[in-house]
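Look at the two complexes coming up: chain A is in both, with chain B in one and chain C in the other.
Our next item is the complex of A and B:
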C-alpha cells in the first residue's frame, strides 16, 4: 500500500511538468502579447498610447524574449550560475500580473475566500438536495414522485445556467430589490464583517448557489439513483429483507453505503472546482470570485496570472484524484482488495 | 489679513468675478480634522491665488457620488473625469490655464509656465518647480527610467527642448522650432505629465536612495529592477496607487485589487467656487466594479448617479423605462466622432491587384457612392444620426458642408460609371465584377467581433454594393488579431470607429487626417514608416498623401492660428476629395444617466475623449448633490 502511494505521488511530478508546458504554450499560442492587447483595448476607446512606456514594459518583463526562455523563466526563475536568484513557479513564486500591475498572489488572494464560500455552499446545496431525492426516487422507482423529480432534474440539466442566472437576477431585483450582480450590496464591499454584511451576502448568494448547483444536483440525483437501483436488486438485499431487517435499516446499512461511491469520486473534480468557480455564471453575474479573473487573464494574455491559475487548478485536480482514490480505497473493500490482489 | 484680502482682490480681478467673500470656506467634511489639528486651516491649504470656478449654479458641499466602471484598470477614467491639468480646455474648447496660474506662449517656441504660489499636493507637500525638475532630469532623461529618452511629444525635429527652472513657480520650455502640439498635449484626457510628486518618488530613485536600501525595497516588491519599481509607483493618472500624491479633486483611498473603489476629496485642492467654497462639492466618489455587459442593467436599476461609459445608444429604450422609477434622468449627448463606423480601405494591403484598386481614388469614390447612408441611419439608428463622410462634424469651427457631402450621396449610376472607367467591365453570372486577374470582386472586411452593430451595417452595405457589382464578406476576429492583419497587409479593408476627434479647432493637431501612425487602418505601413523614422513600413508614395504629410509639417511650424486654419482647410479638402476612409453615419447620441439629485450636469453636452476627457471638460468638481446622503466609511490603507 505504501509503495503504491509513493508511486502515485511520483507520477504526479512529470504529469504536472507536462501540463505546465502545455498551459504556457496554449496561452502564448494566439498572436501578440499582453501589451498588444492593452494597446488594442485603449485604442478601441479612442485613447492614445504611450509607445515609450510600452517598450519599457516589454523589455523589463522579458516579453521580447523567445518562448522557451519565457517558459523557463516562469517555471524555474532566474539563476546566476548555480545560484538561484528569484522567481520560479517551483519556488512558489507565481509571477507578476501585467493587467493588475502586482504580484499574482495578491490578485488571487482577495477573491479566493469568497470563491471557496460560494463553491462550498454550492457543493453542500448539491449534496443536501440530491441525496434525499435520489434515495426517494430509487426506493419509489416509477412512482409519481420519481417522475416529478426526474422531470425537474432534466429541466435542471437542460437549462443553460447563464440564462437562468439572468432571469433570477432580474426577478430578484424587481421582487426583492436586490442589487444586480455581485455578492454584496455596494455599501458592504471592503468593509469588515458584520451582521448586515452577512445578511447582504445571504441575500445575494442564493442565486449563484442555485444556478451553479442546479446542473450538479440533477446529475447527482441521476447517478445516485441508478447506483442505488443496481444495489437494491441484488441478492444480499433480498436476503436481508427475507431475514426480517427493518426496511430503513437495511437501506442505510448496505446498499446506500455502496452507492455512495459517486459522492467520493466527485472529490477529485471538486477541489479544482472550488477554486475556479463556475466561470460563465460568475461572469454573467459579475461575482467577485476567481472565475472572471481567470477569463479576463486569458483574454488579455496576462500570461503569468493565467498560467499560475491554470497550474494551480491542475495541481488541485491531480491532488484531488489522489485523495479520492485513497478515500475510495478506504471506503470500499472491493477497491481496496482489488488493488491489493493485483499487486 | 490684509495680505489675504489682497489675494482675493487679485483673484477677483483676474477672473472678473466680483467676490465679496471675506474668507475661504472649508468643507464640513474636514471640520473634525481641522479641530484635531490634523489639517491646517483652509487658507493655508489652498494656493495664494486659487482658481475660481465658473459654473451655471453654485451649490453646496457634501455627499457622495456613485458610479460604475468595469475593472480596476478602468480607474484611469476617474483622472479623466477629474480633469485637473496644467492647462485645460474650457467648455468652448479654448485652452485656459488650470493648475497653472498663467502661461506665456511665444510663437509656440517658448512656453513660460507660472505655477500657483503655495499650491500643494494631496499629502500637503508643496507643488513647485522642483517637481518639474525631477521629471525632466531624473525621469525623462534617466537612461534606466526612459531608455528611449524624453517622450516624442517633446521632441521637435529630433531635438529635445531646453528646460529652465527660473524660480520656485516658473518653468520655461523652449524649442528652436515651434511645437504647436505642446499645450494640447498638456490638456489631453490622458495628458503628457511633465511633473511628478518628487518628494514621494525620490524614495524609489537610485540617485536619491542608497543602493542597499533600494535593493531591499526592490526585492520586497517583487519587481525586477529599481526602474521597474519606480515605474510601478509612478503611474500618474492611472489611480492604481493610493500612496501616490495627486492634484486631482478626489484622492484614491482603496488599494487595488478591489470591487469597490473609494475616492475622498483632496484637502489641498486648488479650486474654489465664486463665493469661496473649496471645491469639489462632492465629498466622496464611490466606484463600483461590475462586468461591462451588466452596467446598462445596473444603471437601469438606479445603481449609479452618473453614467455614460459602457452605455450605448441601443440601451436607450431600456434606460427610458427605468427613468419612470424616478431616480434618474436619461440625457442624450452629442457624440464627437467623425463617423460612428467607417470603412478603411487598406492602401498597403499585400495583395497586388487589390492594392492597385484600393489606391485608385475612383475605386474608393465608387465604393463610397455605393452606400445608402440614409437607409443605414433609418434602419439602425432610428434616423437620429448625421449621414456623410468620415470627417469633421458641424460642431467644429473648421466644418464645411462640402467636406461631409463629398462622394457621400447614394449614386449607383455614377459609381458604376467610375468602376467601368477603371476597367472592371467583366462580370460573372451573378453580376459581380471581375478583377483584372479573373477573381470576382469580393472584399473581405475585417471587423472586431464584439457587437452586432458592425455586422448589421455591413449587411446593408452589402445589399447596395451588389447594385454596383461589388460583394463583401465580414470577417470577425479578436481585435488584436484584426489589428495585426491590418498592420501586416493581410486585410484588404476594415470597419472600425471613425475619426475620434470630429470637432477640432485650428489649434488642434490634424494628425488623424494625415499619415502619422501605424494605428491608422487606411495606411498602416506609411504610418509605421513615419513612426519608426524610416526603419519599418513603407515610404508614403501617393502624391496626395505626400502632400498631406507636408501639410502636417507646415501645421507644426505655423506661427499663428490663421495660418493653421488655412493649412487645416487644405488638409480637409484633400481628405474629402480622396476618400481615404469611407464614412457612414455620425452623431449617434450617447446616453448619459444622471441622478435627479445631481446638479450642474449639462442637459446636452459633447461626449468625446480628446478633447473633452469624457465628463472632464464639464468639470465634475462643480457637480453637486441637492440632497447629500450619508457617507460610506473609508477603510484606511495608509
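Our next item is the complex of A and C:
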C-alpha cells in the first residue's frame, strides 16, 4: 500500500508541473499583455499614464523577460543563489492581479473555498441520487421504472446546464422567494459565519448543486447500472440463487459491492465535469465562485488571476483523482497488487 | 419401500420409427443463407435497423442536415432583417379556421401597445384581421450560400403583416429564421470538430497501440493530463486567445479546432485498446512477416476491423462538442455575431428577466436538446451494431 501511495505521488507531481506549464503557455498566448491594454486605455481617455508604476510592475513580474523565464518566475519565484526571495506558485504566492490592483490571493479568497464546498456537495449529490436509482434500474431491467429513469437520464445529459439553472432560479424565486443570484441572502454577505448564514447558504445552494450535478448523475447511473447488470448475469449469482439465498442478501453481498467501484473510480472523470459545469452555472447565477472571475480575467488578459484559477481547478481534479485512486486501492485488492485495473 | 423383486429384464432399446435425415441440421432456409453470406457491413445494417430509436434518430438528423443546405429558402425572414414595429413579439399561432370558416393557414395580426405602468410591450392578436400565410413567395432577397441571388421562400409573412412562429427578439428579428440559420453553424461545428479529434485520436491512439513501450507510456500520460484539466475552462482559455480582429468566419474555424484539440483523448483511448488486442492476431503477424510497413499494417489491415467502433465513438463525441460550442458562445467567448449559432442566440437569454418576460428567447434550446439526444441514440445504435457477430 505504501509503495502504491509513493508511486502515485511521483506520478502526480510531474503531472501538475506539465499542467502548470500548459496553463502558463495558454494564458501567455494572447498577443500583448494586460499592461499594454491598460496603457492604451488610459491614453485614449487622455489620462496621465503612470509609467513608473507600470515599469515597476513589468519589472517585478518579469513581463519583459523571455517566456521560459517568466514561467520559472511564476512557478518558483525569484531566487538569490539558493536563497528563496519571493513569489512562486509553489510557495503560495499566486501573483498580482493587474485588474483588481491587488494580490491574486486577496481577490480569490472566498471563491476558492466556496468552489470546493460546491464541488464536494455536487459529488455527494451525484452519489446519493444515482445509487438507489441505478440499483433499482438494474434489478428491474426493462421495467417501466427503468425506462423512465433512462429517459430522464438522457434528458439530463442533453440539457445545457445554464438553461436549467435559469429556469430553476426563476421558479425558486417565484415559489420560495429565494433571492436571485449569489449564494447568500444580501444581509449575510461579508458577515462572519453564523447559523443564519449557514442556513441561508443551504437555501441557495441546492439549485447550483442540482444543476451542476445532474449531467454527472445521468452518466453515473448509466455506468453503475451497466456494471451491476454485468455482475448480475454472472454464474455465482445464479448459483447463489439456486441455493436459495434471499434475493436482497444475494444482491448486497457480492454484486453490489463489486459494481460500486465506479463510484470511487469515476471521481476522476466526475470532477472535471462538475467543475466545467460550475463555470457556466456560476456565470448564469452570478455565484461568488470561480466561474465569473475566471471569465472576466480571461477576457481582460489578467494573466496571473486566470492562471491561478486554471491551476486551481486542474489541481483540484488531480488531487481528486489521487484520492480516488488511493480509495480504490484500499477497496479493491486487485488494484493494490497491480493485477490489472478494473476500470 | 420400493418393491425389489420387480421384473429384472432391461428396458427394450427405443428406436424412433420416423425417417431420419442426418443432414437436416445443415440445411439452411434462404433467409438464413442470406444472413450467413452477408458482408460485415450488411450485417451491421441489419443489426442497426433493429434499434428503432436509433433509426428514428438518424432520420431526424438526416432531415436536419439536409435542411441546412436550404436554410435561405426555408426561413421566412433573413438572418438580419429587423422589424422595428414588433420588438419582443410573442410567438404567433398558425390557425386554419376563422370564425368556423376554413381559409387555410393564417395568423392574426398583432395589436401593439406599451403598458405605461409596467413599461411592458403588450401584443394582443387582432381577431378581426386574419392574414393568410403566403407560400413559395417572394420575400427578403438573399444570397444562397453567399453566391446565388434569390428571393423565393418556402413561406413568407402575409402581405403587410408579420409571421413570428417563435416570436421575435430585441431587434424584432424572427426567432424561427434565426434558429434555422443557427442550425447551419451549430450542426457543422460538431462535424468539423469531430473530424479534427478523429484525426488526432487515430494518429496518437494508433502510435500508442501499435508501438507500445515508451510511445504508449508517453501518449497515455499526455491523455491523462489532458483529461484531468476540466474541459470548459480550458476551452474558455483557448478561445480567449483567438485575436479580437479575426473575422467571424475565422473565429468559427478557430473554435472548431479548439473543440477538436481537447476532445481527441477518448477516441485515442478507443483506438489504442482495440489495436493492442488486434496486433496479436495472426493476420497481423503474417503481414509483418511478409514485410509490410507499419503504416500499411495499421491502415490496411487493422483499421477496417475496428472502423465501425470508431465511427460509433465519434458519433457519441459530437453532442459533447455541440454542447461545448453552445456553452462557449453563451458565455460570449465562442462564435461571434454576425455569425449566428444556437449558443449565440441563447446568449440573449442570459438573465432571469428573459425567463420571466420573454421565454420564447430560450427556444433555441429545444433544437439543441433534440440534436444531442438524436446523436446519442444514433451512437448507441451504431455501437451495438459495430459488433454484429456477437
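Methods note: the second predicted complex is superposed on the first by the 270 of 343 C-alpha atoms of A that agree within 3 Å, B and C clash if a C-alpha of one lies under 4 Å from a C-alpha of the other, contacts with A are read in each partner's own complex, and residues count from 1 in each chain.
The criterion applied here is as follows: a residue touches a chain if its C-beta (ideal position, glycine included) is under 8 Å from a C-beta of that chain, and two chains touch if they have at least 3 such contacts.
Everything quoted here is computed from the prediction, not taken from an experiment.
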With the two complexes superposed on chain A, say which partner A:19 touches: chain B (first), chain C (second), both, or neither.
second
Have a look at where A:309 lands relative to chain B and chain C in the superposition and call it first, second, both or neither.
second
First (chain B), second (chain C), both or neither touched by A:56
first
In the superposed arrangement, which partner chain does A:230 touch: chain B (first), chain C (second), both, or neither?
neither
Which superposed partner A:30 touches (first chain B, second chain C, both, neither)
both
According to the stated criteria, A:318 is in contact with first (chain B), second (chain C), both, or neither; which is it?
second
What is the contact status of A:159 with respect to chain B (first) and chain C (second): first, second, both, or neither?
second
Of the two partner chains, chain B (first) and chain C (second), which one does A:173 touch, if any: first, second, both, or neither?
both
Shared chain A contacts, counted only where both chain B and chain C touch the same residue
30-31, 169, 173, 180, 283-284
Parts of chain A lying in touch with chain B, wherever the complex brings them together
30-32, 36-37, 40-41, 43-53, 55-57, 59-61, 86, 93, 96, 99-103, 106-107, 110-111, 169, 173, 179-182, 186-187, 189-191, 283-286, 288, 292, 296
Chain C - residues contacting chain A, complex:
221, 224-225, 227-234, 236-238, 240-241, 243, 319, 323, 326-327, 330-331, 333, 346, 349-352, 354-356, 362, 365, 368-369, 372-373, 376-377
For chain A, which residues are in contact with chain C within the complex?
15, 18-19, 22-23, 26-27, 29-31, 154-155, 157-160, 162-163, 166-167, 169-170, 173, 180, 268-269, 271-273, 275-277, 279-280, 283-284, 294-295, 298-299, 301, 306, 309-310, 313-314, 317-318, 321
Could you pull out which chain B residues touch chain A in their complex?
66, 71-73, 145-148, 151-152, 188-190, 219, 222-225, 227-228, 231-232, 235, 240, 254, 256-260, 262, 286, 288, 290-291, 294, 297-298, 301, 303, 337, 448, 478-481, 483-484, 497, 500, 519, 531, 608-610, 632-633, 635
